[in-house]
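Have a look at these structures, which come just after this line.
One chain, subunit A, appears in both complexes that follow, with subunit B as partner in the first and subunit C in the second.
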Partner chain A sequence: MTRRARTWLPGLLLVLPSIVAIGVFVYGLIFWNTRVAVSGRHDEVSPYRFDRGRNFADLWDQPSWPGAVRHALLFTVVFVLGALLLGAFLAFLMDKGIRGEASFRAVYLFPMAISFIACGVVWRWLMNPAPPERAVGLNQLFGELRLGALANGWWQDPDWGMAAMALPAVWQMSGYVMALYLAGFRSVPEELREAARVDGASEWKVYRHVVFPQLRPVTLSALIILGHISLKVFDLIMAIAGKQIITYVPAIATYVEVFDRHDPANGATIATYLLLAVALLVVPYLVWSVRAERAR
Partner chain B sequence: MTAPAGAGRTARIVRPAVLLLFAVLFLMPVYVLVVTSFKPLQEADPGSAWNLPAHWSTSGWSAAWDTLRPGLENSVKIAVSGSLISAVLGSLNGYVLSKWRFPGADAVFTLLLFGMFIPYQAVMIPLAGLLTDMELAGTIRGLVLAHVVYGIPICTLIFRNYYVTIPDELIEAARVDGAGMLRTYRSIVLPVSAPAFAVTLIWQFTSIWNDFLFAVFLGAPGSWPVTVMLNNTAGSGAVAVQYDQQMASALLASLPTLLVYLLLGRFFMRGLMAGALKG
Partner chain C sequence: MRAQASGRRRTAAAAVAMTVALVMPGCGGNGSKGSGDTSEVEVFSWWTGPGEADGLAAMKADFEKKNPGTKFTNAAIAGGSGTQAQAVLASRLQNRKPPDSFQGHAGAELLDYIKAGQIEPLDSFYDENRLRAAYPGQLLQQITYQGKIYSVPVNIHRSNMLWYDPGILKDAGVSAPPRSIAEFIAALKAVKDKTGKVPLSLGAQWTADHLLENVLLGDLGTDAYNALWKPGADWGSPAVGKALADFAEIMRYTTLEAASTDWQGAAKAVVDGKAAFNIMGDWAYGYFTGSAPNGLGKKAGTDFAYAPSPGTDGTYMWLSDSFTLPKGAPHRGGALAWLKEASSKEGQDLFNPRKGSIPARKDADKTLYKGYLEYALNEWNRPGVKLAGSFWHGVNAGKRQHTDIDTAVGLFLQNKDVGKLQAALAGAAKNSGP
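After this line comes the complex of A and B, so read on.
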């Protein structure tokens, strides 16, 4: 036992600083945040007093909160589906190799290197909702292309604005999905495709029955990554709309509650909801993928 | 690779055409950024932003440079030191978790990984308090600390995924020869680690450079990186927006990461793939 321990103990010691850091900064602070959430500490001076998590229910009575949840859901649906479908479609078109493939890939991927803040600067302008006679950005372009009917209020539309807000996010992330799918497509052995062709399958059927089923893990990874980015979206909205109610989402709400309304309990409660949403998505996936890898 | 002749012909034309269309759409925002940034102020009017500049001017760029310089300096300090420390930690962790495992290593790894996905909002309020207690609030060192700590999961993952490809026999042979853990790391693992270091450094540099949330929650005017400064210059509604300067600022703030991407795109790609767990 001691001799065995001597072989692995140094390893544990080497990783220990990281374990402690993550223990404190991730799990310890999550615990602390939850304490603030259930403390009902609605200003910065009163003591922490346990209020049985009343806050978690009370939040729903606040006028801005249900809207924030609705905004986040709409944004998530458009962003995740948009980036997933566009990325998969681009990868599908490139799968068989195409002239200038490297350049296409570089173009689709470069937005990922740019910060959401810089992205916001240009998209805020592109999605400027000025009326037709003073139209700028995309609305002006639509006008010149005689597609004026497409002009709209973009993110300032009270009902569908968050769908427009998802466009810059799709612009940034669909290249990433493209790269994932392209790697996935290319990892399907050519023999498998060939075998299906020999059996008389059309090219579409080869994809439908051979290639796509092999890509489920890629789709799952992409969904998890896009989903958690979407729930956390903060920079992009801050850069385009700031803290306006029309684009209010939980990630912004935390900031507003803490810094503008000086209400730590509300901020912490929202943050806890956010964490729960991400955990529901990510934890089963992590457990599954670490286990699957061990099994190999 | 060989497609049926009839269907192949349309595919040969349609496919590149669609790809080209999307490439144009993807580049559109960049076109606007570039042309507007080179217009003189009086020309940088939103109504004509799709036009090429009638007179080329770099006044927007020099104004952007003057405004953003402190932020750029802060960003360089934070991103360079943050990514270097992250890479070293990631390398050691990845080595132990793949080649010098201890009981419960899988559980530790899974718990570490979850740190990669947490919404930072869920730790931000106590983190700000903790950094204040440590007298690091609003400092560059505080921001570096935050980036390093929350970068541990992804950096460990990248190195671990890379090191599992080193044959166990090599490690065993070193052990048999009496080499200890650190000795084995130095003589066998470290010499082949260059690609993983490249991936990690690029990944961390890009994400630290582009960070806004930590900076705005934990930073102070003296430690603000360029993203915060960019957002501040772009966001003030009181004065008339100087589009030339604004667009030049956005480009200027993106140049370092764009250059990294253009010059080292191959490693950037691998970092992306590592982020998806399955490399």
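After this line comes the complex of A and C, so read on.
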């Protein structure tokens, strides 16, 4: 073994398992999935046949698919904005300094430790849509507080139900966003704030012009994390509603196509669409972060 | 210097070991071929719930007594109506690592396995064990695909059952359970107008599919219903349109919050005196009368009563758990011994009273079946009884048609458009394959 090989070989061997694993289980499977997606394999028996990606257009003729896309968009908007705003607001309160900050931090961060399944089971009960007189959960609470008018169908509303479905997800992830923002707030040097105050800036203006502009990277990474979680959402919906059209989303559709309808091509097509949607979020972020690294 | 070098070498060795460990599982081999091997049998099912797991254990004990040389492996996977188990099974079959025998709903649900060449026909097994005389002729006819039989039914469930609260019916002035769809709609209206109760309790989307098959059977009659599942069936007929209009009308008397509960929650509303009617298969009886924590401990006749679902008296809409022989089963001899047990009178009489179903064979020991099961067994063996397959429970619709109907019903629950529903059902039938 030459001296030069000694310097790089062990390192290479150390990372080789990861490279192999990522190559096979990530890129290999992406390739395989795409290969199935552009095939005419609409059952498990017929042989492979390339069909020039007709599935990507045909999918839109499936009666359940446009609804799934609409649900995913509605869910994403409510979930991402909700978690972002609530997380930022909580972090802001913490940053202003409140008593018992450590325990509040733990309380808000804690939901993230719970799986979406467990969270879904609890929220299925909370969001019971029965009218207050025979409801459990929130509608019953509204009834007892004489706020019966607030009782609603939650996720079973055909038009806006998916907005309600995003509530458990907001509850679960806003603590994490709060932690991100809090770290961001704390990284703004106290001298900068002091300087602004000396210049006569009000407390609001300090945040508006000094602190928030420095939080753009935090906001962006929170957006990426929330966005891709939102597009992949599966377990939360399975726990609350199961496989029902009223809460159909692309990830559920993949499962139904592959395991219920036995149509691998359609399932792979939906999975490819999901991958593209996530890539739309992640690729600009990667470009941006590489540029930011270079600029440094 | 030397210590550092040996440290590096150790790192490298560890890295190599990890690489090997990661790559290894990908190239595991399986050389054994299907044979008459009777040393073992791996039986795959989703019987893990109360009652059904006890029934399986009783059959296993009997099997082990009769086949002392064969090791029985219970490969049951939990999950309601086998959703999880079927996903696991599909991947095992595709990887050519089948269990020796697996549970499936008899009928069209097995079509995918048959077309993929994953299970063997069992005609010679039926002949050797004289099963053609033991099972009802109509049943064998309905599970025959292109002249061959691929499964061994163990039990029979009835899906066309109406469960009702006699007290609420009395309050509503309904003297007897409705005997036709028209009477049913009138009764639902009476309950709605005269009592504050829910006329018909419904659960998640699939319970609407279950309701749909009952309405179709009740409106069309047995022969026309069965004809719907033959190739080239006419789903666009006015008769089907009428049945779907009735279905839409009946749906108006169900609860708004239906989608948030599974069948148990919906069925429970009847025995709790909150809802007048529920249409569900006869597994609801086990749930109602079983003891806590899995059952509700209610009494038939006082807390609830039952009748065939409206318009279906004299017809048994059946579904059946059955066992199969996968191609390339590693222990074929053991599998055949298990199928013999599952199709035997003793095996079925051990299993069914515990699971809460009736045996598929005609020669069961009637003294073992009490309460509802006694009624069910008499209905099953009643001369002139007609059989209809439950599409939702896998008898006469393949998995694709099954899923497409479910989607059509799910969309209907939102848009309430009967015309679109009928078109979608016709489309589902056309795309269902041969």
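Criterion: the second predicted complex is superposed on the first by the 282 of 296 C-alpha atoms of A that agree within 3 Å, B and C clash if a C-alpha of one lies under 4 Å from a C-alpha of the other, contacts with A are read in each partner's own complex, and residues count from 1 in each chain.
Quick note on the criterion: a contact is a pair of C-beta atoms (placed from the backbone, for glycine too) under 8 Å apart; a residue touches a chain by one contact, two chains touch by 3 or more.
These numbers were taken from a predicted model, which means no experiment stands behind them.
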item: Which of subunit B and subunit C A:Gly242 touches, first, second, both or neither; value: both
item: First (subunit B), second (subunit C), both or neither touched by A:Pro217; value: first
item: Most subunit A residues touched (candidates subunit B, subunit C); value: B
item: Partner chain in contact with A:Val256 - subunit B first, subunit C second, else both or neither; value: second
item: First, second, both or neither for A:Asp199, with subunit B first and subunit C second; value: neither
item: First, second, both or neither for A:Pro10, with subunit B first and subunit C second; value: both
item: Contacts on subunit A seen with subunit B and repeated with subunit C across the two complexes; value: 9-10, 14-15, 17, 21, 124, 128, 130, 134, 242
item: Residue ranges of subunit C touching subunit A (in the complex, touch as defined); value: 5, 8-9, 11-12, 14-16, 18-19, 22-23, 26, 86-87, 90, 94, 112, 115-117, 204-205, 255-257, 259-260, 262, 274, 399-400, 402-404, 407-408, 410-411, 413-414, 424, 433
item: List of subunit B residues in touch with subunit A within their complex; value: 1, 3-4, 7, 15-16, 18-19, 22-23, 26-30, 32-33, 46-47, 49-50, 89, 92-93, 95-97, 100-103, 106, 108-115, 117-127, 130, 149-150, 152-153, 156, 180-182, 206, 209-213, 216-217, 227, 230-231, 234-235, 243, 246-247, 249-251, 253-254, 257-258, 260-262, 265, 268-269, 272-273, 275-278
item: Touching residues (chain side subunit A, partner subunit B) in the complex; value: 8-12, 14-15, 17-19, 21-22, 25-27, 29-30, 32-33, 36, 86, 90, 93-94, 96-100, 103-104, 106-126, 128, 130, 134, 136-137, 140-141, 144, 171, 175-176, 179-180, 183, 190, 203, 217-218, 221-222, 224-225, 228, 231-232, 234-235, 238-239, 242, 250-251, 254-255, 258, 264, 267-268, 270-272, 274-275, 278-279, 282-283, 286-287, 289-290, 294
item: Complex interface listing, subunit A residues touching subunit C; value: 6, 9-10, 13-17, 20-21, 24, 43-45, 63-64, 67, 124, 127-131, 134-135, 153, 156, 158, 241-246, 248, 256, 259-263
